């Protein structure tokens, strides 16, 4: 349904395969058919099953993939994530690219879930940022949703966020808000980045509906919540860690954005094992 | 020189900008010209300067970038990495994409240097793997080189690595090596993945020139080194950590491959600050 | 700055030129240099100057274009819109594509201005729809802005509009709003299409912030305005004509959307005339 | 069969969908299956059925489309144009793009038929021009054929048309014809644009086979027909209207070209209605 | 001017360079600047200078190329074709691709000139066919023109050629001509492939303007020329060789088409030699 | 499996079809179904069957192709290479492109086999070069393998070949080898181009594993073989002909590279004949 997924997968395959998988094309007979499983080698929230399916589909439509742990499922080390059956060449050639998607997206979903669990019970949502790996934003933001987080804007075009640098050039928060209000679509709200409580007051007075509290201390955040008193959505941002997120949520902010969800989730350990092989009869 | 860099950058810009940067296009006058610096917010080995330059070049050829810490330079928190001068719109619109390249590649270069420093004094090289982020392999492998590491093969087409699954289907190590030797270009050597010392012996007997010791214990690696006795290049692989890499190197293996260099380096903290702005006279 | 403009222009040039302009390449010497003007042959609001410039830039960077009536300028039949100087081949080969952009976008800007002038004095904004010519949305929505109109959402991804068909499947307005509120980014507001006053009441009760009054009579619109009483932004839509738009605006709706702005603006008559030619000395 | 159709459709879908249809993906369950009809809301000649089918095919191969009024069929307001059955998400996400093709192409086919009916009984053919919407030429020229018109050349590469500007630079009609005759493929005939009867005489003497009578009065066209007396194909061009086309045809010209067919046909009113929905069983 | 040239060159560079020129990037310093000459190692008609310039331009805009033998020039073994100055990396990396264009296109131009010289003094033109190397048609047909030949149609879309297989399905020559005449643009003439004199008669009677005499003997061609007696353009085709082309021309046919011009011209021997190198000062 | 094949085919089809096959679309009914055979008109080694299949697959998935002489089969003039059944339009529109692949690749496979047969009985392998037709390298190198030859490196990125120009700039053979050894992947060996026996000695001393003997006489090659005495792989290159290749092989060199395999193989004569047609029932 979303055409861009297949383009990202195509790019990744071209990048890895180049002019052809010399080893596999030499050693695996064209008619070889195998069965393989993808195994979690550590605990994780699975994410990336549809991308893996697309990897194999692009290589050979005859590969069938049976997910045993669909995206969003928590699995333990040793669990099977999915089973693959089909032409041996396609499965071995696609293995690394498929796992590269799985290991990155599962790491993001897993880390997101950890943050989300920390704020459980509060009204606060954990949201991502635009600090994603170039080329993978669509998928990484999907992984955040799979992990229970929410997405901030997807790009520079689908939301207005007036940042420090914009304010400086526009000549102040009020000026910036006024200029933007006229220019944007009625479906888009305006968010303003504030570094001080004075700025928060000014933004509220200028009629903004969302305020990003940038790198504020817990104390400042608490005061901002009191000051705003429900007149705007508040997003806390900057240096949020697993160990501090619950405390920040307890201030009553609506959103906490965490760049680490996408840029520092690392990788989950997964592997593909062949469990059977035979020649294709045809 | 390498056309693919510019394609990766173009994809990243399209992904972020979509139909246009609403905020910047509204608030920053077309003629605005600014000066900005990119600052390291933690210690790191810088990597990504050419990609940042390409980001801004694609947005507006008038942006000039003066690197103060070229790729490979170690910088301290607070140091300036580069200075930018030019149209305010291009600099603000490109900021996030440029920093996304910088934060990822610098993290890889920094982590690589840490591994390389651990094995300093030995003959052992630290090499990367194909466990890269989909779409960024060319750049991430460049970052490994910037950090002092070496590259393993770039893709499935420019090197032969006979892995466990290939061996199983080909019917054994000797069979696999013989089949591949006939098929490959004379410029390519053959590497074989071995999990036991018996396999190492068989691979040597079959005339392989490079052996990957897969997930072996330190003890096994030592024995493999003795067994092979210089008749092949040895690569240790699997669960290598910063804390164990030196010990592994001390066995005398030629190469240690570390997937974490590219899949778990995380992100270095960098930011862009405007330090001056004026209207473009023309 | 916006990379997609250049892609649209490239597509248009390829479409027209194919394997090469036989006539021009035969008759116009490679070194020929000419001066030409683009003339309005009827009154219009000019729109498309940057796209014309891009057409000629892609064909030959030496073409210089001096706009005499920048986008948004009202001109009379006979006025010069811009002057072109440079290689004769590029100017003649690009002529038709450049004028095709200009004639379409100027027609949209002109028609938009007529609608905008009709509602002058009211608080109502004239907005466009997604009923654009496939492939040209970005440019046609730009033309609406040039004409003084405002843009509704650019695509299905940068705004939520719950339409009749969505409501039917979701099981009602309230259900739909609740489901969407959880899923969307905090920067996006929710608009709901209503066909009756009962639906308007339900949408308000469910907390929607924007309501599209679909194909309502003037009477119904008036009642909706009273009913809503400022609790939501109201958009009137459906069968809006130049002759009725003022009356609709007088009801106090915030927005009136007009599909005709982009799908039925037609074309403005423009032509290119050579006013001088000489051989390039070099 | 014609690969470019699918590329145009892909571009249009990307343009509209961007990063995904938020509303539909949230409100329509993945397994939902619906039945819908596309209805004409005014009288028209239908055109665009294959492009609509391609829109839905690209989104989801399971959508089935049953045309009830194939391209070229005249329908009345209220008639069903086609029925759609399949996944609800694909149908709702593709609706607008599909209708955008249909409304534009049907308008062109309808307008063309009106012109063609005006000249019925004569030998004169109605032909289009290169004044098409950038990116849609292939489809718009198809719509002209569907409406009963004929196509002039498709682009600058598949026919020679020596225009006023070419003549001026080449140094005269005779010179231009001679130069072009040597350069072109034997399958291509040469058409020359003439503004006066003297030019017509010169073009005939120089051996041209086709003459475009540019912006001539009815009187002049009549004289040109007499003067040429069957020695060349004559095309009348410039300011042709529905109200004047019959009279022009009565002069005996072979072709009348009408830019308005493609640039000013506007849009026909069509809509999509859901007539049933159920969950996909699988 | 012709955008497709640059796309063909880009494809060729990507194909050769892949992930980067390891040898050159290692051995040639980034600042190295060299001077080189391209030498003909056998007699030839030069063709491909603009494509070579494009190769180097895409790699590095600083490379300057001074053609000493522009396209169409006959050179002797040992002559310099062009001189190159600029960054050593770009020149060495682009060398092979640039020469691959030059050696193929010069061979075509040279062979074409040999055919053209054979028919000198006659009215007969030597034309090419669609038997070109996939992907290079535009350039190979350009080389034919450079060699003094003429182009037959460029593709299936810019000329009508009714072949044996079309005639069989359409139900005869007359039927085919009538059907096509109605469908095609007035700028396109109709060519019919005939294998017998009876077919030639039928084609003439049906009003075709061009006839392809397919694989006829010299005798048959002579009779066809007499039979047609100037009522149509005649093209002789099939098994034309350098040794037979003059004789065929002497029959008075208008065109002789030669597939060998593009599919069997082989390659001319050319090489690049460095004649100076220094470091770039900057 | 190898995605690039389909891209090359797509480019070739676009190049030939452009805006559509006027003749076929007019004369062949949409429902027409035919059966055709592809015939060899001279003796050859067949190569290109998968590319032909891809041509027809892209035009219409309903075309079925039954190869009677798979790639690598030697056929005689008059033999059937494959049979095609399916929609008449797709088969006639794709005919020329399909045959263009077949005629070029079969010529390469045939010429390669002739070289390979010349060296039969020796240990010497016949290898190709990078002197391929731009855009077709992947396919032409495949044809060399089909003919029994071996591939040299595929591009500048998958093998190191230090050539005369590199040596000159690097400051000597030893220097060049040392610099490259540090930079390349352990899977890649280093080949050095030598023009004299002194260079060969130096290269051996510097530890190179492969030496290209450039344009040496038979005498020199013999001496080089003695000098090297098995310490490196030797490749003879330059002016190798069918008549000399056996003699060169008798010197004991390991590889003989032949540019002519790809750049001067010419074309094999093949044709497509319809052997049956009927209407599609549906």
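Per-chain residue numbering starts at 1, and chain names A, B, C, D, E and F are given in the order in which the chains are listed.
Heads up, the rule we're going with is that a contact is a pair of C-beta atoms (placed from the backbone, for glycine too) under 8 Å apart; a residue touches a chain by one contact, two chains touch by 3 or more.
Here the structure is a predicted model, which means the values were calculated and not measured.
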Handout entry: Steps needed, at minimum, to go from subunit C to subunit F via contacts
Key = 1
Fill in the blank from the handout: Output for shared partners of subunit C and subunit D reads A, B, E, F
Practice task
Report back the single chain whose CA centre is most distant from the CA centre of subunit D.
Solution key: B
Exercise for the section: Report the chain pair from E-F, A-F or C-F that duplicates the C-D interface, where duplication means over half of the contact pairs agree by residue number. Expected result: E-F
Fill in the blank from the handout: Comparing B-F with A-D, the one with more C-beta contacts is B-F
Practice task
Compute the distance, rounded to whole Å, between the mean C-alpha positions of subunit A and subunit B.
Solution key: 21
Problem - Distance between chain centroids, defined by C-alpha means - subunit C, subunit E (Å) - result: 44
Exercise for the section: Could you grab the centroid distance between subunit A and subunit E? Build each centroid from C-alpha atoms only and quote it in angstrom. Expected result: 52
Fill in the blank from the handout: subunit E residues touching 2+ other chains are 17-20, 93, 138, 154-155, 157-161, 188
Practice task
May I ask you to sort the chain touch graph into line, ring, star, complete or other?
Solution key: complete
Problem - Touching residues on subunit C, where the partner in the complex is subunit B - result: 1-4, 138, 154-155, 158
Practice task
Quick one: which bits of subunit D touch subunit B in the complex? Just the residue numbers, please.
Solution key: 18-19
Practice task
Would you mind writing out the residues of subunit B in touch with subunit C in their complex?
Solution key: 10, 13-14, 17-20, 25, 58-60, 89-90, 93
Problem - Residues of subunit F defined as touching subunit E within the complex - result: 8-9, 11-12, 15-24, 26-29, 32, 34, 88, 92-93, 95-97, 99-101, 103-104, 130-138, 154-163, 165-166, 168-170, 176, 179-180, 183-184, 188, 259-260, 263-264, 266-267, 272, 274, 277
Exercise for the section: Note which residues of subunit D are touching subunit E in the complex, please. Expected result: 125, 127, 150-154, 157-161, 185-189, 191, 210, 233, 235, 254-255
